[in-house]
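Letters are used for the chains, namely A, B, C, D, E and F, taken in the order the chains are written, and counting of residues starts over at 1 for each.
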Amino acid sequence: MNSDPIAHAHCDGPCGVYDPAAARINAEAVLSMTKKLLVIEMPATDNKEALLAYHNMMTRYIHIKEEQAQKCKEELLILWTDYFKPPHLEKFPELHETFWKAAKLCSHCKVEVNLQSAEKLMEAVKNIHEIFWKSKDRDVEWVLAS
Amino acid sequence: MNSDPIAHAHCDGPCGVYDPAAARINAEAVLSMTKKLLVIEMPATDNKEALLAYHNMMTRYIHIKEEQAQKCKEELLILWTDYFKPPHLEKFPELHETFWKAAKLCSHCKVEVNLQSAEKLMEAVKNIHEIFWKSKDRDVEWVLAS
Amino acid sequence: MNSDPIAHAHCDGPCGVYDPAAARINAEAVLSMTKKLLVIEMPATDNKEALLAYHNMMTRYIHIKEEQAQKCKEELLILWTDYFKPPHLEKFPELHETFWKAAKLCSHCKVEVNLQSAEKLMEAVKNIHEIFWKSKDRDVEWVLAS
Amino acid sequence: MNSDPIAHAHCDGPCGVYDPAAARINAEAVLSMTKKLLVIEMPATDNKEALLAYHNMMTRYIHIKEEQAQKCKEELLILWTDYFKPPHLEKFPELHETFWKAAKLCSHCKVEVNLQSAEKLMEAVKNIHEIFWKSKDRDVEWVLAS
Amino acid sequence: MNSDPIAHAHCDGPCGVYDPAAARINAEAVLSMTKKLLVIEMPATDNKEALLAYHNMMTRYIHIKEEQAQKCKEELLILWTDYFKPPHLEKFPELHETFWKAAKLCSHCKVEVNLQSAEKLMEAVKNIHEIFWKSKDRDVEWVLAS
Amino acid sequence: MNSDPIAHAHCDGPCGVYDPAAARINAEAVLSMTKKLLVIEMPATDNKEALLAYHNMMTRYIHIKEEQAQKCKEELLILWTDYFKPPHLEKFPELHETFWKAAKLCSHCKVEVNLQSAEKLMEAVKNIHEIFWKSKDRDVEWVLAS
């Protein structure tokens, strides 16, 4: 049950049905793909079959990382634009910067194959999870799926 | 951490990053929109401004219910086709029927504005949440966002 | 030609190819659909053919307004997350609030059929157009398509 | 097997895998939804439950008609821009007009709930089916799914 | 014309307008792209222009294969969840397993560049085509576009 | 303001809100990505970290080029099918060929990494921009964002 009356005002549609878990799942996938990419070895260029499998895997993993980073950014921005309201700024004065930086981390994870960026993204999403549930006076555990 | 070796085989992409929470969020939205739709009153047809607001709200809520029911169906089917593997059928012999019925409940929620169907969908998703985490030897709480 | 070196850092993809015109086109469509919706008359309920045409038009216009308001929000957020960088905050200290309010105006235009909100959205996009080109030391005219 | 060498040149991706059947399925759906919409009766405005079911059905059918008409247009345009090549214009000098009119019929089917337009769209797609298979020196039956 | 009354119950929208041809077209594209990928040769790494063309082609073909395999999976699942009803299980007791395996073949075709998997997918879709038309007491030819 | 009465007839939705600027932005992005791709150097195959960054960049740029070329094609086709009407053919007898060739240029830009094709696409979009504004008796400057 939603005990936070602020969230009912002027929302786009499903009032009260916001959950940082959506962004968390995407961020976990970004981290997972980043880790996988970091351990792939390029085969010898004369092994045609292995080279084809290598390209297929690289292209797919890079593409999934891109998609998941994009979805993560979108889910975070929905919380920023649709859930959080002006009264929240009193309690969380750094709200805008928090979301701006988290969105930019999503971009870094696309542009690079960087374990640190992917881990920072997980922390940023976790931080937003904490801010979100605090704003609803609820204590919801941060539970990873992977 | 993923303790289930079965899930690593032949997956579409982010191995281990499956979470019924995605389907849960969508199902909660379907229930929320269904409840909202059930309490809207049609204004007198000579009150042009109220009639316009009524149509805008009805159309939007029906459309959001449709989108969320569709996403719920897609998220559930990803679990069925990509996460669950043949060895799981021994432990969960009713797996196919479970997912088939849950998907059909998503359809019912689109085709009707029916509180019972929306509540049954929540139960179906909860049941799948339980099967999913049981298959991973993990105990993850069923926590609603709304 | 892009004369602003700041914009090259850490972008998601097409460096330098950001243009508020995309958001402007969407905002113009929101205003256009809002105006059309405000002048539709509901026919007598015994004129079956006219009633069907009325519903078709209402549903379509509300749906297009929804889509365009959503695209406008997305285009604006791309500028905020991907184009603008920390050094820009010195010159435009109200950047975050500006984008936050503009995104919320997109939501208002969805939730209501309100001429004032649609016109405010046009002003908000125009303001962002001015901030954007100022940040590039370029003077680009604000030209409406409609 | 593709016996038409012209189709191999400069295509976007899956050379030879073009099939007007995709557009046909969408056109059949447009016709189906149009027929369904034409027989719905608006209930008495004091029957709240029936009115809600009526709005849900109207909104959904109009939305599906819109989607299917849009997909039909897209499928037809893929054939025009990607499959047909300059040498085809000798054999089919009216090619551009044919596709232009068919695309505009898709628009008519969106803008109106008109049985004639929906039937004309089926004929337009059938005509394109015939032109397409003739260009490949193949005789493929026009088979409706509905 | 749809002669099967079972298909009218509880469907998502366009009753009767289901056609395995949609999935067939996607499967043909998967097979086509798989064949193309299997014959591409990697050029010498000092030929910059050829290397760029090679990467462009590889990336595009892998991406199109991915998209088409995903669409094939979606089209098949629409038939499973929306068209087939409980009474069909008597006539086709292996229905669930059939669709589950076909969906998993779509995944195999993404994860690998494997001619056998792509051919098996074609057979799986053909089998579903046969089940589908048998359930409608109709005999519709299996006609390839490529 | 729209001074062209022809454009009001039979349009898909937002009458008067058509703007070639949308296609221009996409074409600029295609050109931008093409230029970037032409200057990337493949690192030595024994430098694992550089090779990974190279693949990530190549895959992303090729994918963005693909997306933007596709969006450009879609935006152009919206103008052709929805904005232009039969009376326009008198003033612009080459209309169909113009759009057909522009759409095919979008395809060339996908299939190749070719600076000439990307520049020709910019010219094609500029030409359509000129035709479009001429049809509205308006003089709108061709202004690049990049």
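In this section, a contact is a pair of C-beta atoms (placed from the backbone, for glycine too) under 8 Å apart; a residue touches a chain by one contact, two chains touch by 3 or more.
Note that the structure is a prediction, hence the values are computed from the model and not measured.
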Shortest chain-hopping distance from subunit C out to subunit E: 2
Other chains in touch with both subunit D and subunit E: B, F
Numbering shared by both copies at the subunit C-subunit A contact, with half separating same from different: same
Chain pair, A-B or C-D, that carries the greater number of C-beta contacts: A-B
For subunit A paired with subunit E, centre-to-centre distance based on mean C-alpha positions, whole Å: 31
CA centroid of subunit B to CA centroid of subunit F, Å: 38
Euclidean distance of C-alpha centroids - subunit D vs subunit F, Å: 25
For subunit C, residues that touch 2 or more chains besides their own: 13, 45, 59-60, 63, 110-111
Topology of the chain contact graph, where touching chains are joined (line, ring, star, complete, other): other
Pairs of chains found to touch, sorted by chain label: A-B, A-C, A-E, A-F, B-C, B-D, B-E, C-D, C-F, D-E, D-F, E-F
Residues of subunit E defined as touching subunit B within the complex: 10-13, 73, 77, 80-82, 96-97, 100, 103-104, 106-108, 110-111
Subunit A partner contacts - residues on subunit E that touch it in the complex: 37-38, 40-42, 45, 58-59, 62-63, 66, 110-113
For the subunit D and subunit E complex, residues of the former touching the latter: 1-2, 13-19, 21-22, 25, 28-29, 32-33, 60-61, 64, 68, 140-141, 143-146
Of subunit E, residues touching subunit F in the complex: 45, 48, 51-53, 55-56, 59-60, 63
